Each structure stands twice: as C-alpha cells, then as structure tokens.
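Structures given as structure tokens follow.
What follows is a pair of complexes built around chain A, which joins chain B in one and chain C in the other.
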Partner chain A sequence: MSSPFPKLGLRAWIVVLLLVILAAAFILSLTLGSVRIPPEQVWRILTGGEPDKASWADVIFKFRLPKAITALLVGAALSAAGLQMQTLFRNPLADPFILGVSSGASLGVALVILGTGAGSASAFIAGLNTFGDLSLALAASLGAGTVLGAVLLVSRRVQNTVTLLILGLMFGYLTNAVVSLLIYFSQPERVQVFSLWASGSFGGVTWNQMRVFAPVAVAGLFIGFVMIKPLNALLLGDDYARSLGLNVRRARFWIILSASILAGVSTAFCGPIWFIGVAVPHVARTLLNTADHRALLPASMLMGASFALVADVIAQSPGSQYVLPLNVVMSLFGVPVILWVILRQRQLRFS
Partner chain B sequence: MLTTSSLTIGYRRRPIASDLDLELRPAEMVCLIGPNGAGKSTLLRTLAGMQEPLSGKVRLGGADLFSIPALELAKQLAVVLTGRVEAGNLSAYALVALGRHPYTDWLGRLTPRDEEAVRRAMQLTDCEALAARPIHELSDGERQKVMIARALAQILPSPSLGEGSGVRDTVLLLDEPTAFLDLPRRVELLQLLKRLSRETNCAVLLSTHDLDLALRIADKLWLLSSSGELHIGLPEELALNGALARVFQSEGVEFDHARGAFKVHQPVCGPISLHGEKDGVATAWTWRALERIGYEVHNNGVRHPVHVDVLDAHHWRLTTPEGQSDHPTIASLLAALRQ
Partner chain C sequence: MLRKTLILIVLIALLAACAPQTTPEVDFAPTEIPATEAPVAVAPEHNLTDGCVAEGEYDASIDYFPEKATLAQTENFSIEYFNNYKVVTIATPYPGAAESVEYVLVQCGTPAPDGFLDEQIIEVPVQTIVTMSTSYLPFLDELGLLDRLVGLDDATYVSNTTVLKMAEEGKLTMLGYGSGVNVEKALELAPDLIMTYGSGAPDYDAHPVLIEAGLKVALNAEWMDTSPLGRAEWGKFIAAFFNKEADAEALFAEKARKYEELKALAAGVTEKPTVFTGSAYQGTWNVPGGNSFAAAFLKDAGADYLWADDTSTGSLPLAFEAVFEKAKDADYWVNVGFFFTLADVLTADARYADFAAYKNGNVWNNDAKTSPAGGNDYYESAVAHPEIVLADLIKIFHPDLLPDHELVYYRQLK
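Then we have the complex of A and B:
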C-alpha cells in the first residue's frame, strides 16, 4: 500500500543531477573562451601535468579557474539571497538587492571612479589597471557594508517587514539619484569605466582577492543554511512563525545579514549582477514544485551556480575576441529560458 | 488549564475589557461571541501570548504565559488565525509538518515520531486524503481543516512522551475559523473541533459570528459586549438570563428568548393572529412569511381582527374586518395581505 503522505526535503537523485550539471558547466567554462582548450588538457593542467601548449596552463590558472570559481560562488550566492528575500518579504519580485545593498556598492564605486579629483581620465584609468581593481572592490564593499549596517540597525527596531522593504526601496532611489548626479558631472571616459563596472563581470577577481571573496561568500551561504528552518516557518507569515516559537525579529536579522553579505560581496567583486537572484528561485520552485526551503535553498544554489557559469561562457563568445557585458547576456539568453520554464507550468506562484 | 486573573486587554490608549477572570478547561470547547469590534481578536491574541495585556496575568498550567519560553509555549498552545495563508506550492502535508517546528532539529527534519504526530493530526481532522494536494488548490473548508491539523500537530505530544498523561495542558485558539464557509461546512467544522477537544483533552476556544451554531454546539459561551463586559455561561443560561439579548440589543438586533434566535424583522404592519396546528410545519413557515413582510405575529389562540387559519399545507383562510378569503399558496395569502 502506498502511503498517502508525500516525502519532504530534497530527493537524492535531484542533488546528483544538479551536481552533474554544475560539474559540466564548470568544465565547459574552463574549456571555452578566446582559445579552446580541450577538456582532457584542462584535466591534465588541473592535476599538475604538462599541457600540449605551455601557455594554456597560464590561461587556466590565471584567468579561467578564478573566473569559474567566482561565477560559481556568485551564482549560488545571488540565488540563495534572492530566495531569502522573496520569502522574507512574501514578494515574488524581491531580489537580493531589494534592501539597497547594491545601490550602496554602486555609490561607493561611483564615488571612486567619478568623484575623485579632477585629474585626467586617461591617467586615472591607467592607475586603475595597476591596483585599481582592489580599490573598486574596497569602495564597493564599503558602500555595501554601510547600507547593510543601516538596514540591520533599522531591522532590529522596525516591527513591520513591509516598512523595512519601503525603507530599502527609498534608500535605493536616493543612492541612484546621487550616482546619476555624479555621472551627469563626469567626463565621458570615467562614465565609461563606471558603466563597465555596472555591466558586471566575473573576470575581475584575482587569486589575492579570492582570499577575501570566497570565505565571505561561503560564510553568507553557511548562515543561509542555518536559516532554512526559520524561513520555512516564515512561509506562514510573521504571526504563525511567532506562534511556532520562532523569534521573528532575530530570525529576520540573520536572514537579512546572510542575504546582504551574499549580495554585497557579489556586487563588490563583480558589479551588480541582475536577473539571477530574482529568476533562479522561481525556476527552482517551479521545477521542484515545492516551497520547502530544505529543498529550495540547495537547489537554487546549484542551479544559480550552473546558470552563472553558462552565462559567462556565452558572454566570452567562444572563438572570438569579443566579451559581451554579462548583464546583457543574462537577460538576453536567460529571459526566454525562464519564461519557458515558468509558463510551461502555467503558474507563477511564490512562496 | 489556561486562566486569567484581573486581566485588562487592549491598547495603551484604548483598553477594551478589564478585570477578566477567565478559565479554559481541558476537553472543553468555548465559543467567544460578540459584536464586531468588541475585541474578540484582541482577547484571543492576548491569550495566545501574541499581545501583552495592559495589566493582569495569563497563566497556562500555573505558569505565567509571558514567561514561558517561546518554544515551550508553542508545544502547548497553537493558533489558527484569520486570513488566508499564501504558502505557494506547499503540500497540505508539508504545511501540517511545519507544526512540528518546536520539536525538530536545526534543519527542521521530521523524526519518525514527528511523522507519526503529523499523521495523527491529519487523521483526527479527516484530512489525510488531502496530504499530497498543494494548498492553493484546496477549497476554503479543506484549507481550514488543514490549518487546524497544523495547529494540532504543534501541540500533540510526541508519542514517546506517554500520550494523554495529562501532565501537559494544551490549548487551541481559533480566530473565526468558520468565516468564508458555507453552512454545512461550518457545522462540520464546529463538530470537528468539539470532537478534537474530547479526543485530545485539549481546551478549544474559538471566536465566531455564528451565534446560532455556537448556541447549539459550544460547551460554554464567552460573550463579549461592545462596552467590554464579558458574560460567561452555558449557552442556555446566557439566553435565559437575558445577557445575549442585552449585548446584541445595543447593536440594533433583538433576541427572541423563546426561540433562541435573533428577530430579524421589525414589525411595521401591526398585529395578526395565526391559528393552526401548534407544531405544524405549515404553521411555522406561515409565521415566518408573515413576519418577513412586517407583521407582528401572535398564536396564543386569541383571534385578532386580522387573522389567518392554516387549514392544511395547501389551504389558508384569511379573515379581515372586510371579509374572508381562501388561498392555495402562501404567495397568494401574502398578496392579499399586501393590498
């Protein structure tokens, strides 16, 4: 006799399937690029062997490997953060940046690129190339961190979640206005640099920066895992969650901390990456047909990581010298895929 | 047992009711009734520990409700709130399983004991058949049962702890669980809650606007008036001592003691007497028809100048000072009276 009670949680075969897809996307991103390096050569390089062409080892170790790891982490981070925000705010359109974290990062970067001194643009850009990457990441981190701190401070006082949402939105408008103002009064070359940052890229993270980026992202994801159970309780709304014995204010604090760390660190090192955070959780919900975060969080992370890797491969336009802006690629190729997945199920439901 | 002593509820600027000494016993179903805005929800929220009282104490099993750690309280007291829960494509089973939140590990995994409690809660509320259905597909009645199952799963002891040991007091508070349901579903739900209170030894308190059903099914009524007075008693007692009539009279409705129901119609057409088989069905419905068009109906045997004789279910005789007429239907009788 079959039990009328369904099994809860994530099935093992789905985890395996998602891991296989992720591994394939990872290998693909190491293989493809301006030069194609065959998978077996990639394997030889990674295991310490000598490739057919010596320059390939450099390509893999200096560029493609850090870029792939970055894409993997950012994809997982933004998907997890998006899922958290959608559940916390009970809003299907919520994304990781809804509380203004990326606006804060943008402001930090805009101040560095557009606001510093009146020196010639070319000298400034030359300066950027030498040690500027780090200064951009630093500025973005400071901006994101400031907003994060403000939001957390407010979240401890505000009882109502919607108030928090509105405050976040207002803060976003405010910082965007300042950024627009800075752009308005800047030289075109500097604006170009800023818009390059704003179009997003996984390629800017060096091994040195990885030492900061990876642990912070992993820490954010770890908090996310600890908050799975509170997120499930919050599915029923604040009142029910409280009646289940959950300290809603504390849970909200940690969820926002986790999501803001994830969104903040991603934006700081890669620029604002749109789309993943809002779309991937919906795809996970639709494909797994559940609202249980024990299944959704790991599945969203794995799907988001694969999606980011594939999007990056497409942005590199393999075999050509062109590199397309990441945000453009994500929207152009991602929107049809996601519309297809979601409309096929004929329902856009959120948790 | 949930008790309160000199409890004052409400908001800082607007106390709603004060000096409440209440008692909610195991295996008892109490209906909280009263006009809109009297503060039924506020009282429920205060008893559930979701809102601090202005003064006084709420005690659960002897301990101050507001000093019981949240997770411990959750194991003893569960709520069903008004308002639809939008939980996307959560299955009914997954929703009920959320009730085990206070018992599960950091990831919320169900142990076999938790699973047993969830299944038992669904069996007790007759919603096993809904287990695999997503809750957004359920009807209002089915959904309400699932929400009750969830609350029940939250307070059912783990089977290992020795069931029905009677050590733990459990309380189920429901805010207008019968809203949005049709009459059969309302009756079914109230009967279900009463059965649950007996079978699980749990104290059940629910607020409702279904006065008629509450009078028939509740073990006890808490009647909250707009002025903040709370009357407690058996349904029949509150009807007999006039408390029901008083509370609702101020709201512009009159309570008919003899029939245990509200008078809906204000008589405007003057008195009329009705004569026929005393307990006859035809007589009863003729009464309602006459009342509906605005007559003050008497049937104590005294013949008024205007009177109606119910001869049988197809034959009415109307006598007025102007003369007599026979009518084959109630419609024709009413038409003659209207002229």
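Then we have the complex of A and C:
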C-alpha cells in the first residue's frame, strides 16, 4: 500500500512541537513535587552544580529523574500498545489490556500479596526479598507472560481476529475472577496493600529496576515501529492485507507480542495504568487527521509520554505532602481534555 | 326458666369458689424474725463468673455486678451498670461508623430488659467464645479464660503457645475471616459469642453475615484506639462478657502504674533523638500521623517523632521524596516493615542507604517475637502490655535509663 505521506511538512512541524511539549513536561516533572525546590536550584543540580541543600540533589537524581523517565516510557509504551490494539481489532475502544495482559499481571501480584503462597508467611516474605524490588515486577511479568503465551498460542490457530479478541477478553475475565476470589478470602489489611498496587504509580521504579524496565520497554517500542507497515495494511481488513502479500498470522503475532510486552512491562513495574492506552491514540488521530501509522505511532508515543508526565505531576500534588492515586488523576483530568479535543475537531469538520 | 337461672347461679358460685385465692396474710409479730427455708436471693459478693442465677432465685433489687469496671484511658467505650444487666456502648465501632453500638450484657438466669434488639442482647458470663483477632487472646489468657475459647478465624499467625497447642489438638474450630467466614461451621459450633472487628468496609467484614445468621457477635474496636493504655484497657471490655471485671481492673491498674512510671522516667531526658517509621511501597510512604497510636508510643518514650506536629490519627500517604527530605538525617528508624536484615532493606530499594539512620545501623524493627509461621507477637500480646513496649522503646532511645531491661518485642537490624 503506497498511500502518500500526509503532508510531510505539517508532520515534521507536529513532531517538533510534540518534542517541545514533551521536554517541557519532563522538566516540569523534575521541578514540581512534594518537596519544594526552586527552579533555579533544579537547573543548577541538573547542570552539575551544588545546590543550597544537599538533600535536594538526591531528591532530583534519586527520586524525580527515575520517576520522570518511567512516566515517559510508560506513557509512550501504553499509547503505542493501545494504538496497535485498536488497529489490529479495528475497535476504537480497544486498550492495551484487551487481551487480558493486565489481568494476568494482576493475578501474579495478587498471588504474591494475597495468596498464602507455599505455606508459611515467613517463607513468602523471604521469597519476596530474594529478588527485592524486582520480586513484585517478576510476579506481575510471569502472570502477564502466561496470559500472553496463551493468547499467542491461540492466535496461531485462529483465523478470525474477532475470535482472538473474544478469547483475549475471556482470558481477562478468568484471571479477574481468580483475583476476586483471592480478595474475597483475604484479610482486609492485605486487600489494602493489593489495591495500593492496583492504583498505579510511577514512583516505585528505582534505577536498579530501570535496568530491566527500560530495555524491555524500548524493545517493545522498537517492534512496534517495525510493525508500522503491516499495521497500515491491516487497516483495510485481513483479506485485503493478505492480498497485498502480508502474512496476516505472522503480523498478528508480532503486533500482539509488541503490545503485550509494552502493556505487561508497564503493569509489572507501575501497576495497571488505565486510560492512556485508549485515549491518546484518538487524540493523535484527531489532531493529525490521519490513519497512517507512520505518523500516528510516533505521535501517540510522544503525546502519551507528555500526558503521563503531566498526570504524574498532578498526582504528586506539588506543595502538599500527599500523593494522589495515579489512575484517579488520569481519569479526572484526562477525560475533560480528551473530550475537548475530540468534540472541538468534530465542530470543525462540519463547518 | 327458673331452673336455668338456678343452674346458672350454682355454676357461678362454683366458679367463684374455684377462683384463685389470695394468699392468706400471715401476720408476723414485729419482733419475730421469720426463719424461712424457701430460697431467698442474696446479693453476691463477686460477679458470677461461672454459671447463672438459679431458677426462681432472681431478685430485681439485687445488684448482680458488685465488681464494676471504671474506664480512665479509653474514650471509645463505656459500661453502664444496672442491677442485672450492663450496657456496653462503643462510640465508634468501626471507621466511618455513623452511630454508636450498644451491647446489653444480661446476667444469665435473669430477664433481659426491653427496648433492645435481639442481636444486642448477650447473656453473660459467656461460656464459649470465638475470636477473630489474635489481639484478644492475651486478654483471655491473663483472665484465665482460654478454656472457653472454641474457635478462631485462623491459627496461622497466633503466637500464644496455649492457643497453638489447643489448635493442634483439634480443640478449636477455624472459621475463616472477612466476608468469606464459614457461617455454616459457625452455626454448627454455636458459640455464645463471636468477637470480631469492623474494618470500615462492611462488604469485607465477617460480622454482617454472622449477625444475619442469628449468631451473637460483639465488635471490638481496640485497634482504633490511639492511646497505648487506652488499647490495653479494652481488656476490661472483654472481661465484661465474662463478669471478670475485678481481675481485669487489677491487671490493668498494675500495667498503667508501670507505664506511667516509665513515661515519667523518659520525660526527664534533656536530649530527644529524632525518629521516623515505616517504609515506602510503590513510591508512597505511609507515615503514621502525629496523633496516631505509633506516634503516642514514640512521644512517651522520649523521642522526637518528626511528624509529631501533625494532627492526624491515621497514616499519611506521602511521597518517598518528601519523607526522604525530612528524615534523611534522623537518628533512629523504627518499625521498618517486612525486612529481616539491613541487606534486605537495601535490596528492596537502594535509596534507603542514604538515610543517616541506616548508615549508622540505628534501624530497629518490632518483629523480634515472631512465630515460625510468621505471626508477630507485637500485634498480639503487646496490645495487652504497652508497658513492655514502652520499656523497649526507652531502652532503644535512652539505653542508660533502663540498663537492666532486655528487649522483648524489638530487635536491631543487622
């Protein structure tokens, strides 16, 4: 399929604008937070100087910087994954977790937090500390990976993409049911710990975890980029894509793999983060007025990254010490923005 | 006609003759004291801790509870005594409760008062009890009531050796916890009382389903009390159900005396070390508020809790960076959470190494008395012994004040 680039000049300008917005959001995320640090101090710290208070340098480098990078990567990852899922299933409501990947991750974490594990609590706790801060992420990844494996296995045998969608939904329901069962039989205190995980957070990723998190996220994004042409082909339907010479089954496999890695690694390290995966691709589509993934994928990633950074800044409620749950902030502040974008464009089209 | 009237009159006369007669009044000579052999109710000298008032012996003018509890420390519950029943009122039975809850503890063998729901009426002394929190066990133990324990929610985290033995010997029935409590087993067991707590989320609690099944349930809100002595005073709440107020009063008085002594000792220090507690989870650090239970202990032990000025009684969800900024140079780090060694702390998050308390090895955890199954006795027997916890903390912050005390619930992380 050789559709012409949608107005190359406009696209490059948009990319630059998005990069500027992203940079601004990134700097905002470093500057604003629970601890009040004057902006010129932040600049001084970032350029290698000595701040007035030694602890501020630690706050920037050990807390805010990894958090900002995490938000950036997760925002990009989830938007890319959401876009891929929306195209693959030709469903505007599809989100990165539609194949039950997030439910699988929740199940892994629920088993660790809520399940009594292999007997005694001390064994469970000892096991938890063996991998340290990677243990929860490991459990989540195993859970997500299991669901992913099941879905991929099935995807090779299933002709119809809609069947795959339904199967993914079913896997999701099944794992959610098991999680609910675990919650039902658990002590209220443990349920609270689990729901803390489930409310999502970028602040839990340390530099140590970043060594695992960042490469995996980037790998997933890379696969996504490679899949741009197949994604464009799939826009016209499986049969037409096949007639263009696309191996639909193989393309589906890699698209699902990319989206699931991105969704899985985000959930594993930050908990389930709703909203970004569904909303951002639509904003990108509306603002760019295109369906070409060559424009949409990078745009979604950049917009998603900025959105995640801004949401995190709001969640940290700068000035007050308290931290708001991330998912709550996403929906509360994200929904009006998205509505405004989409409805505004609608009016333009009719005029 | 006349014959019918006559028969009617005869019948009426017969009926009148058979009508209940009033007891003939026996005229006692004023100077004679009648010696009677019929049982007459005598006011008991002690509460009836075992058994009921015998049939026909009930006298409404007698006070069946000569031994009463007086509450000094806790504000959340009160006991009002009447002749044959006590009304125990919990002002806030669970977080977010709209109204208080009242339990009417009726001396068994005596009639229950009117004006209360059936579920509020509990016959005392209770003969069989199921507990759904390990924190009630130490009180039952010190009151000598463990033989009346017939069930638990779960025996996994119990530290009390007697209870563990009872569970091993199969003497206790496990009912499970939360909304998944096994109601059928509970009905089969038919205990006189099930003591549990409300978490604030009734959907996850056990008591609504148990009450609906017709079982007698008492909510215990000791976990919400923010004062260490207040929490220990809930032993009197438990004792009230067994008429053992006398023992409970004596035990508590001794603990309160020791506690106040220790508190006065610590109050005299000139230098108060700074301290912070807890750890971060997913970037959020839940810090106990200034008026919380944990903060009260730290204050009484002569330490400067960094969030002492805060007025919250619960915990504050703070950003890790905010806690870091404030507590970076603090002297002590206590109640750290699920860590066994200093290395574990670092594995969980490398950023903990930047805290001065960590660098100096002044990291202390309240899990020294943990059972092999993972049950931490700090959440069990320490509830009944705030004076020991206070001694531990004073030993940590001001070792020279208590040179002979050995730590019971606390240990230093190595």
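We take it that the second predicted complex is superposed on the first by the 319 of 351 C-alpha atoms of A that agree within 3 Å, B and C clash if a C-alpha of one lies under 4 Å from a C-alpha of the other, contacts with A are read in each partner's own complex, and residues count from 1 in each chain.
Methods note: a contact is a pair of C-beta atoms (placed from the backbone, for glycine too) under 8 Å apart; a residue touches a chain by one contact, two chains touch by 3 or more.
These figures come from a predicted structure and were not determined experimentally.
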item	value
Dominant toucher of chain A (residue count), chain B or chain C	C
First, second, both or neither for A:V193, with chain B first and chain C second	second
Partner chain in contact with A:A291 - chain B first, chain C second, else both or neither	first
Which superposed partner A:Y240 touches (first chain B, second chain C, both, neither)	first
Touching partner for A:Y322 - first (chain B), second (chain C), both, neither	second
Contacts of A:R249 with chain B and chain C, given as first, second, both or neither	neither
Intersection of the chain A residues that touch chain B with those that touch chain C	none
Chain A - residues contacting chain B, complex	4-6, 8-9, 90, 226, 228-229, 232-233, 235-237, 239-240, 242-247, 285, 289-292, 294, 349-351
Residues of chain A touching chain C in the complex	33-35, 55-56, 58-59, 62-64, 67, 116, 120-122, 124-126, 128-129, 131-133, 184-188, 191, 193, 196-197, 201-208, 271, 316, 321-323
Of all residues in chain C, those that touch chain A in their complex	156-157, 176-180, 199, 201, 204-205, 280-284, 316-322, 324-325, 328, 338-340, 344, 347-351, 354, 370, 372-375
Complex contacts: residues of chain B adjacent to chain A	48, 50, 69-75, 77-79, 81, 83, 85-91, 93-95, 97-99, 101-102, 104, 106-110, 115, 118-119, 122, 128-129, 131-132, 134, 136, 154
